[in-house]
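Handing you a structure now.
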Amino acid sequence: MSTTLPPEAAEAAARTREEVCALHAELPRWNLVTWTSGNISARIPGTGLFAIKPSGLSYDDLTPQSMVVCSPDGEPVDGDHAPSSDTAAHAYVYREMPEVGAVVHTHSAYATAWAARGEPIPCAITAMADEFGAEIPVGPFALIGGDDIGRGIVSVLRGHRSPAVLMRSHGVFTVGRDARAAVKAAVMCEDAARTVHLARQLGPVEPLPAEHVDALHDRYRNAYGQRSSDQ
Amino acid sequence: MSTTLPPEAAEAAARTREEVCALHAELPRWNLVTWTSGNISARIPGTGLFAIKPSGLSYDDLTPQSMVVCSPDGEPVDGDHAPSSDTAAHAYVYREMPEVGAVVHTHSAYATAWAARGEPIPCAITAMADEFGAEIPVGPFALIGGDDIGRGIVSVLRGHRSPAVLMRSHGVFTVGRDARAAVKAAVMCEDAARTVHLARQLGPVEPLPAEHVDALHDRYRNAYGQRSSDQ
Amino acid sequence: MSTTLPPEAAEAAARTREEVCALHAELPRWNLVTWTSGNISARIPGTGLFAIKPSGLSYDDLTPQSMVVCSPDGEPVDGDHAPSSDTAAHAYVYREMPEVGAVVHTHSAYATAWAARGEPIPCAITAMADEFGAEIPVGPFALIGGDDIGRGIVSVLRGHRSPAVLMRSHGVFTVGRDARAAVKAAVMCEDAARTVHLARQLGPVEPLPAEHVDALHDRYRNAYGQRSSDQ
Amino acid sequence: MSTTLPPEAAEAAARTREEVCALHAELPRWNLVTWTSGNISARIPGTGLFAIKPSGLSYDDLTPQSMVVCSPDGEPVDGDHAPSSDTAAHAYVYREMPEVGAVVHTHSAYATAWAARGEPIPCAITAMADEFGAEIPVGPFALIGGDDIGRGIVSVLRGHRSPAVLMRSHGVFTVGRDARAAVKAAVMCEDAARTVHLARQLGPVEPLPAEHVDALHDRYRNAYGQRSSDQ
């Protein structure tokens, strides 16, 4: 499947592969993935292509070169491995949501537990209001293969403040303007899923009032982090 | 107990010992074992023998040479240590299930919690459908010593899609065509046990419809991973 | 924002930055923080200033020099980064509680779960009596920005034995005479939150009688640790 | 407090200090301790003395020389630090139970949760039958200082198969013929506490029938591990 990219695209692809490969280390670090599950992809600037994790490789064995470059319709165009079995879903998101620069998928345990019940995570703590600006919503059940998962993700996240969606009985997809932002959303999604799970185990939990969620989310988007940082 | 294996068997045994020893590192890594508990064995190709963890050694102290080579009836035939106290169960599985190349045993906490209640883990998330193709079933209570545990494992797993069985009030046994596959099944079993446990803590969880389980399992067996990967 | 501190203040600031930076490693070590969340500050002796974590930096990237020196009203006076978005709350505590030498803030999961329910952690185990001398109390809900969070912390902790407060639907703030003591309080708060959470999951838990709490707390304050230890 | 031990006792003390210091690394490794909590002691062969962890030191800072040698009545007789605040309890156990060579104390979270409810851990899984041969019993509430804790431990463990006792609203004490055995009991106690906790969260759990517990415990004591191993 290995094809030759034009020189400029090859350079951009090399940079994206490097970044996507490095960020994969965050998934086991924050306990979001088990064995070879989970994957990250990011658009390759100026090309219409994206780079994604190869299918079924151990996190220990990932290298920048093993990341697979795919076309907008999810076909591998550069790389020595088969791309993630979730590639079609990533590709669909890129085709439909031009503002999205990266996609992350995990089966992180607490978030997937909410997904198994088909229950959104109520926005009950300020850290959720900061990052998600809303409850974390649930998307439809969809079988892998074809565009069903991608369609489900886009149908929920388009126009939603939350960069994370719990796909019913499956797991988490997050989006971001770049790979670091999408990974952060996946990390914070599991943290929120766990904290609210723990809270709910010993009694009812009230969501924050909408005006507080709005105020917190707005402030966080505009005042947190270093001025030119992606945080 | 150390006997001399014929040269070809000795070479094959050395390779299997190396692989089995290395894979033991995955058990503490994925939090499946405590202190010296748990064990992995694998057939030694072309010999009728298998290699298994020594009894009661710390995971830090395992070396390829410390793995014990056993005969089909579970008697140690090469090695300086006594074999795992679960050796008879492994041997029984090898005698009765020729398609099995490796066996793993753990007391991983979430799976053992289901085993303590004698409750199968319902197939409620797509990752379970992928790996197990069914609920993870419960086997009978059986005392260690003799063939009772092995018989219990085989009675459940023979003809079952699931490579994992929860032995009642005891722990997990998994099988695979090779050691990596059996270890993967043990890792994914604990992950499934944990996720469905968490889901069930806050409300009822519906199993996936059988046709979805079938479709997911079939696709996973045939399309996931690299073409010649052991996945 | 970088200004020149007078030489003596600069030396004191360098020592405090070093200590505050090093102690930040304890927060991920004890699983109190996720991604860039959480922060520690400490007074710079003899200056009226304090040093605090920069906003939104990864724990991996913290250096002593990246710690931000702030004035008593929370304005950055030395450093290359913007200070933590929680700086106003730290500053308020320093202005109102002269006995406090350091402040720590986390969203540690079990403690934040109690905070999400607005429920104090009952003093049900001897380790809580030792460290906290009381239940761990809940403070009001307060929006970030301005002095509301600081006022909430001070209104609860002033005159309270507990060095920790659960801010409603938000997280934990702890205080100490020095940074190590405040970090210890944050670590022990999560440990207490977790243990009592686990205890309550399977049945009711009685708080310790007040006279036992008093005796334990008094002994711990006066007899534990090495004679000149900060312990 | 540093006194000169006679040469033979000094040599024996050096060996015990080395062993006790090294085994302390197992407590954080298996998540049994938080900050400076927890401690291990062991008899110094041929001396009537025992070596124990200093009070309030970080696990990172423990050295063999920092272990404190104490007399049978718990007074420090060699070393530069104050001994653990739990020293009186260890000393009482050594005075009353000559078969005990080592004592371990932790506040490990799941076990302490059972202790907070004052509920013994039912012997519901085969690994508990192996190691404990019985439920893990609960001892009385006792204040630190004086012999009350030691008396409580001995009143429960004398003549009991279990090497572990849950001291009411406090934590775990385990005993063993040597330090490794007592540490193993502390590790397995938390593992059992966690697994049975998880099992009980989703339904009732039956204890194993007494004759199975007897058979498993007897076999484990006599057949597990390497012939001359301490396992």
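Note that the chains take the letters A, B, C and D in the order they are written out, and that residue 1 is the start of every chain.
Here, a contact is a pair of C-beta atoms (placed from the backbone, for glycine too) under 8 Å apart; a residue touches a chain by one contact, two chains touch by 3 or more.
Model, not experiment: these values are computed from the prediction.
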- Query: chain B and chain D are the same sequence; what rotation (0 to 180°, nearest 5) superposes their CA atoms?
  - Reply: 90
- Message: Taking the mean of the CA coordinates per chain, how far is chain C from chain D in Å?
- Response: 32
- Give, as an integer number of Å, the spacing between the C-alpha centres of chain C and chain B. 45
- Contacts with two or more other chains occur in chain B at residues 201
- For the protein chains shown, what form does their contact graph take: line, ring, star, complete or other? ring
- Contact set on chain C toward chain A in their complex: 34-37, 54-57, 81-82, 85, 107, 109-110, 112-117, 119, 141, 143-145, 169-171, 197, 200-201
- Complex interface listing, chain B residues touching chain A: 30, 124-127, 184, 187-188, 191, 194-196, 198-199, 201-205, 208, 212, 215-216, 219, 223-227, 229, 231
